[in-house]
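Two complexes follow with chain A in common, the first pairing it with chain B and the second with chain C.
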Partner chain A sequence: MTSVMPVKEKKLMDVKLGELPSWILMRNFTPKGIVGAFQRGYYRFYNKYINVKKGSIAGINMVPAAYVLFSYCLSYKELKHQRRHKFH
Partner chain B sequence: MNENLFASFITPTLMGLPIIILIIAFPNILFPSPNRLINNRLVSFQQWLIQLVLKQMMTMHNLKGRTWSLMLISLIMFIGSTNLLGLLPHSFTPTTQLSMNLGMAIPLWAGAVITGFRHKTKASLAHFLPQGTPIPLIPMLVIIETISLFIQPMALAVRLTANITAGHLLMHLIGGATLVLTSISTPTAMITFIILVLLTVLEFAVALIQAYVFTLLVSLYLHDNT
Partner chain C sequence: HHGGRATRIFHTGQPRLAPLPPLPEYGGKVHLGLIPEEFFQFLYPKTGVTGPYMLGIGLILYFLSKELYVITPETFSTISIVGLLVYVIKKYGTSIGEFIDNLNEQIIAQLEEVKKASIKQIQDEIELEKAQQAQVQKCHYLSDVQRNSIAMALEVIYQERLHKVYKEVKNHLDYHISVQNMMHRKEQEHMIIWVEKHVVQSISAQQEKEMIAKCIADLQLLEKKAQAQPVM
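So, the complex of A and B:
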């Protein structure tokens, strides 16, 4: 049941399901670590979809789509009343 | 319906955290910085666009006025992108808040006026009296010109706020009307829908034009004062 490599150095795909909580807790939660996480995420998206030789509109369009979804989640509370009901 | 109409203009918070800071900083990631000679398509397109706007806007200034080019170009990019993002469904537009527009207008106007007073004091004071006024009218005209000078930042801010807010409100209202009319009489709903489509096209134009007007007026105030 115990793994050969220490949990800290494994990538997410190699971590077994039982070890997941300890893996999450071992991540770097300092401000520098959080900033690093955002940077890595941003550059992952940017280099895959936008920073390519023939980037298309779809790569750029994913950003407004995510923004619309995010704004919908934020304003769900006021939008709940706008469903189609016979009696509001 | 009444409360819902203005619900989209409330400052968004998530459990007490001001999300509005994120929303204002969001257009920043849509403009990646170029770090090569030949960049990806998005960056090249933005470079071409900014070059076009720069040439159009800064040719009328002298050397001293051109030191403001970074400020003015980033201003028009920010207002344009914020207004266009506000046309997406459910999104929040920061430029509908008067506080933010005042925060943009007053420092820029004040900077232009104070630069004029510091470097070309006589010419700046001479702006208060147009050429060729009859002598009895002079006192009144100076008062009127002073008032018109101090109204400039207010007009800048209120113009932008009112235009964007009115456009959003109209779209909400006509959209709501179309929805209700579909069950009452379909041809009227069709007409209302066509009005809505035309209004949306107008809103796209207004979003860009307002950015342009704001920046143009600031650059005009600058031109007067350098």
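So, the complex of A and C:
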């Protein structure tokens, strides 16, 4: 789906900033497209960090780190009340 | 955008009939065990080597000062746990990795053994086939000998039959010749007898008497001559 073609179907890094909205709208938003996007993302991560002969700790380290960040963002609303200073 | 490594394509197009490419040796490089190298390369042209680290420190200070990250009692437990994890990983990481690699290599070595055994077996069978083919090639000598003997037997039989034919034909011709001879002889004898008979018949009675008288006269003459002889 991300073939480099002269049409606006370029990869994300090749898209200029002004073209970004039209590029996002051009993406495939059908259920099959969304599932395909998740699959592609998963396999990109998997093949780069886990499916190798000598994997490092980073492959299994990035998942908890991302989870930590994500859960902190979700629970920021309750944590706001534990702030020490009144003015920032 | 792919970090310089080949993309892996799955289940597109026809199934490949060749073995898959081997797994890459090492995964993508990461700094601090968390942040991929691509981010550092992304910032390198603008900020050099220390740029991302400065960015990280700046962000941490910003979050702390603005209290977007709140320091709670959990912070201290987080710090202790993370510190412990980092220590354990730094100390025992490589050895555990080698241990697991050994396990992996054992499995691969077993599979290699099976593959090698099967290849060797097939090669042995190929050698056997070649030897048998060579043997079959040599068989033509045997059949040559047989062919020769059969040809000789055929020759012998042919000559025998030729000889037989010759004898038969000669037999027939001899028969005709002997028949002719016999006829010839019989005709001769018959003719002699016939000639004698006629000659005897042709001597009439008159002539016979004259002949006898002449013979007697001759005999008397001879007798006289003979008597005269010894007296002298």
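Miscellaneous remarks
To be clear about the criterion, the second predicted complex is superposed on the first by the 76 of 88 C-alpha atoms of A that agree within 3 Å, B and C clash if a C-alpha of one lies under 4 Å from a C-alpha of the other, contacts with A are read in each partner's own complex, and residues count from 1 in each chain.
Basically, a contact is a pair of C-beta atoms (placed from the backbone, for glycine too) under 8 Å apart; a residue touches a chain by one contact, two chains touch by 3 or more.
Not measured: the values here are computed from a predicted model.
Set against each other, chain B and chain C touch different numbers of residues in chain A, with C touching more.
Look at A:Tyr42: by the touch rule set out above, it reaches chain B but stays clear of chain C. By the touch criterion defined above, A:Val63 reaches chain B but does not reach chain C.
By the touch criterion defined above, A:Leu74 reaches chain B but does not reach chain C.
In the superposition on chain A, A:Lys11 contacts chain C only, with no contact to chain B. Contacts of A:Lys86 after superposition on the shared chain: neither chain B nor chain C is touched. When the two complexes are superposed on chain A, the residues of chain A that touch both chain B and chain C are 50-55, 72, 79, 82. The residues of chain C lying in touch with chain A in their complex are 1, 3, 5, 8, 10, 23-28, 30, 33-34, 36, 65-72, 89, 93, 97, 101, 104.
Looking at the complex, you find that chain A touches chain B at residues 42, 46, 50-55, 60, 63-64, 67-68, 71-72, 74-75, 78-79, 81-82.
Within the complex formed with chain A, the residues of chain B that make contact are 4, 7-8, 12, 14, 19, 26, 29-30, 32, 40-42, 85, 88-92.
Put simply, chain A touches chain C in their complex at residues 11, 13, 43, 47-59, 61-62, 65, 72, 76, 79-80, 82-85, 88.
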